[in-house]
Amino acid sequence: MSGREPQSALAAAIEQNKRTERVTRAWLLAPALTIILAISILPLGITVVYSFLTPGTYGGVTWEFSTDSYVQFLFQRDIFDDTLVFNSAYVSIFLRSIGLALGATLGALILGFPTAYFIATKPREQRNIWLFLITLPFWTNLLIRTYAMLLIIRDEGIINIMLMKAGIISSPLTILYTDTAVFIGLIYSFLPFMVLPIYASLEKLDFSLVEAGYDLYANRLKVLFHVIVPLAKPGIVAGCILVFIPGLGAYITPELLGGGKKLMIGNMIAMQFGASRNWPFGSAAALILMALVILVLLLNALAARRGASNNG
Amino acid sequence: MADPTTAMPASAQPRQRRRLVRDLKAMPGFTATAWLCIVTLYLPILVLIAFSFNENRSVVLWTGFSLDWYAKALENDGIRNAAWVSVKIALFATVISTIAATMAALATTRTKKFAGQGLVYGIINQPLMIPEIVTAIATLSLFALVKKVTGLTGIGYLMLAHAAFCIPFAYMPIRARLETMTLTLEQAAADLYAPPLKVFTLVTLPLLGPGIVAGAMLAFVVSLDDVIITLMIAGPGETTLPIYILGAIRRGITPEINAVSTILVAVSVLLVMLLFLVQRRMQR
Amino acid sequence: MTGTEIARDRKAAVSVRSLSKTFGQGEYAITALDSVELDILENEFFTLLGPSGCGKTTLLRLIAGFELPTNGSISLQDQDITDKPPHRRPINTVFQNYALFPHMTVAENIGFGLRMLGRPTAEIKQTTERMLALVQLEAMAGRRTDQLSGGQQQRVALARALAPAPKVLLLDEPLAALDLKLRKSMQIELKSLQAETGITFVFVTHDQEEALTMSDRIAVMKSGKILQIGTPRDIYDRPTHRFVADFIGDINILEGTVEHTDGDLATVRLKDGTRVSAHLGTASARSGDVSVAIRPENVRLASTGETPTLTGILENIVYFGAATNLHLRLGTGEEMVIRNPGAVDEGRYQPGATIGAILQPELIRVLE
């Protein structure tokens, strides 16, 4: 009998510890989860609801069910006979955005990979300085950085002035308010997102492998594509995703450098909540953008899983 | 003095060998590309900063050094109000998000692994995973609904929205700090008769300090720099500095904007450099 | 005198009864401790010895209260402390990596326990000074702990744990991070500190030499179980398990069959037919196939004219100053090592030579 009693006391103590831990954890998590759930996740639900409503006359919504927002994305309703006619306007904005984001991703990769590799081969102390230099712009205001880019690429910007003074061109190159400007702006905005993950995967790379590669392949380009790139692949993929996703949803870059004429998805969505005042359509467009982003992440997760099972 | 003829090759040889090894790792054009990246990243900002000190109204031709535009910017009521709104929102968002993030970081590192931990990470990082424009219009929709139902208006909405997206930024360094802090120190305190609350206030909190400071600084910078969410949500009289700057750019380029922009960049850069130093101390 | 006899004379400081600890659940469950029974006596220097993963650190953590056992009980001077949190146990720990508070000075570290106990400031100051003197660190009182050397940090950890005058001091491989020379001198210091303070020390180590030099008694652990408890001499000279015999020092193990027993003595026939008598001790095997063990230093070379217990072919001679090891291949095919004090006559002992060995009968043990 005396043996049983302390055992049940011990069991009670174990149970009590577990309960205390659960309660403590719940209280500790409560503020962060409440704020994010209420202010970031709940609104997404509202957006889903709004996308199925009818636009209000002065912005906002009228509580009447409608799938018009999604229909409007692809078709235009003929005002006379009420038939649906295919409308490429919005689809082309999406395609343009995807194209620009892909282009910027490729551009950032071409610039970012060599930079990451260069940093990874530096001695440790220098690496930290380089990394700091790459990270710092990320923490400065994107609006101001884009504005600064606008200053140097416009017709009277220093790039044109220098090119003209050098006698390379006689009249200024028009870059600003073109797709090129948006493309340059996107690379410039998100370049650090490409460099950092590639650096992180290269940092772990054992460079004696590279040296071993010279024994086997003897050629720099071959070593690069057969040894280094495969090993840095996780970082390259992460970098591409980190550039593509914010590029796709960019707002400031096309707004300032595209002059508001060359729209991307982000501006189109914002417009629906401003001047155009079609909240349901804006909500639907935002959800389609989010679906695209989730699709990219899912494809990546799928590819990662397949890669893992191939290796295993 | 050693004989120069024998000293020479001895000192030259290892250097040559080292260069050979470095050459093996180096790829043609990579160094140039790295420098091109740095120039691309910094040249625009440097030009902007330089012209903020230009005496001339022109933002094209350099005529001489002057602080006039700073004086003008600081006298501008619109800029002063916007700066005050920005600071108010950033301070509120920093305090709320840092407290919430610290608590969440303690829950995810100082209690046993639990079912749903992945979901918790997902929720905390959610603001980072969704395009900002989506969060912005979604939050706008919610706030419009709340305003309609309650009739409440004011800057509180903006503050709350900022607090929400600052949480993941504050959470990152705090969690990282807690993960590198071994539990042994807390156990040692308990072993020396410190009850749980004393363990927290005398050991966990002081050691976590640098992490909390880092988290708060990140939250502050992120809040101060936000454009899209603020642009969509801000009501009349709630213009933050970035929103003021955006409006001014749309109206036309003036050296005054360059001056304000330089100040905002300087604040961010100073905070991030401070953060860098704090983190270096943390690593020791 | 055996370990159990001592236990009868003195009071137990820590009593552990059928203590078990399982980590994880279901098929991933790992049993770190399996029904451990243990009495650690007052004023004893007690060592838990075993390879990594044997459960010694888990046992220490359960005594400290950092974890609750799955089953069983722990009492401190007849008081059940099984489910008490660590801050309510008058037990202090010296951690493997010292776990000094980096944001406090040396003196603040040492005074921490007393402050938590709410002792008056004057007493804290006085005790801190006494502790600083005890570990000879008076000059370091105001230093930050990261400005100290490894050995100094070790002493601060010790002083910090001793300052509240605990009933039991737990030491978790405290010397593992020190270099050999410092470790040797700290071994002696720890031992004298224990004698001076009269506090019960429970010391965890995987270093058998350390355990033998410092301990009053040793518990040898393997896979969550205690195999043998005894004085260093018990453990060394009278190992009861093959694992204990093998883990501590060098030993020759020979296979054989018990022919008959007479009290504690058994006559064992080895594989080549040689009969030796061996002590049974607590071994349960009273018949059939057994292993017998003898230390190399308890085997000597037969001198001319003497009848050797066993003969073998000399395969290898390893000289290391104080002694020479001679490796024999016996007729049974087993290997045997003879440790001869000092050097041997190299002309006579050449690899390939047939050598006679004499086993001291009183030092042959039957193993479990």
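For clarity, chains are labelled A, B and C in written order, and residue numbers in each chain start from 1.
Note that in this section contacts are C-beta pairs under 8 Å (C-beta built on N, C-alpha and C of every residue); 3 or more make two chains touch, one makes a residue touch a chain.
These numbers come from a predicted model, not from an experiment.
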item	value
Interface with the most contact pairs, given as the two chains involved	A-B
Of all other chains, the one whose Cα centre sits farthest from subunit A	C
Chain at the geometric heart of the assembly (C-alpha centres)	B
Length of the line joining the C-alpha centres of subunit A and subunit B, rounded to whole Å	17
Distance from the mean Cα position of subunit C to that of subunit B, given in whole angstrom	54
Centre-to-centre distance between subunit C and subunit A (centres being mean Cα positions), rounded to whole Å	59
Residues of subunit A defined as touching subunit C within the complex	6-7, 9-10, 12-14, 17
Residues of subunit A touching subunit B in the complex	21-22, 24-25, 27-33, 35-37, 39-44, 46-47, 50, 60, 111-112, 114-115, 117-119, 121, 130, 132-137, 139-145, 147-152, 156-158, 161, 187-188, 191-192, 195, 207, 210-211, 214, 220, 224, 245-246, 248-249, 251-252, 256, 265-266, 269-270, 272-273, 279, 282-283, 286-287, 289-290, 293, 297
Residue numbers on subunit B that touch subunit A, as the complex places them	21-22, 24-31, 33-34, 36-38, 40-45, 47-48, 51, 59-60, 96-97, 99-101, 103-104, 106-108, 111-112, 114, 120, 123-124, 126-127, 129-142, 144-145, 148, 160-161, 163-165, 167, 171, 221, 224-225, 227-228, 231-232, 242, 245-246, 249, 253, 257, 261, 264-265, 268-269, 271-272, 276
Residues on subunit C engaged by subunit B in the complex (per definition of touch)	64-66, 85-88, 91-93, 95, 97, 99-103, 112-113, 116-117, 146, 160-161, 164
Complex contacts: residues of subunit B adjacent to subunit C	182, 184-185, 187-196, 198, 203, 206-207, 284
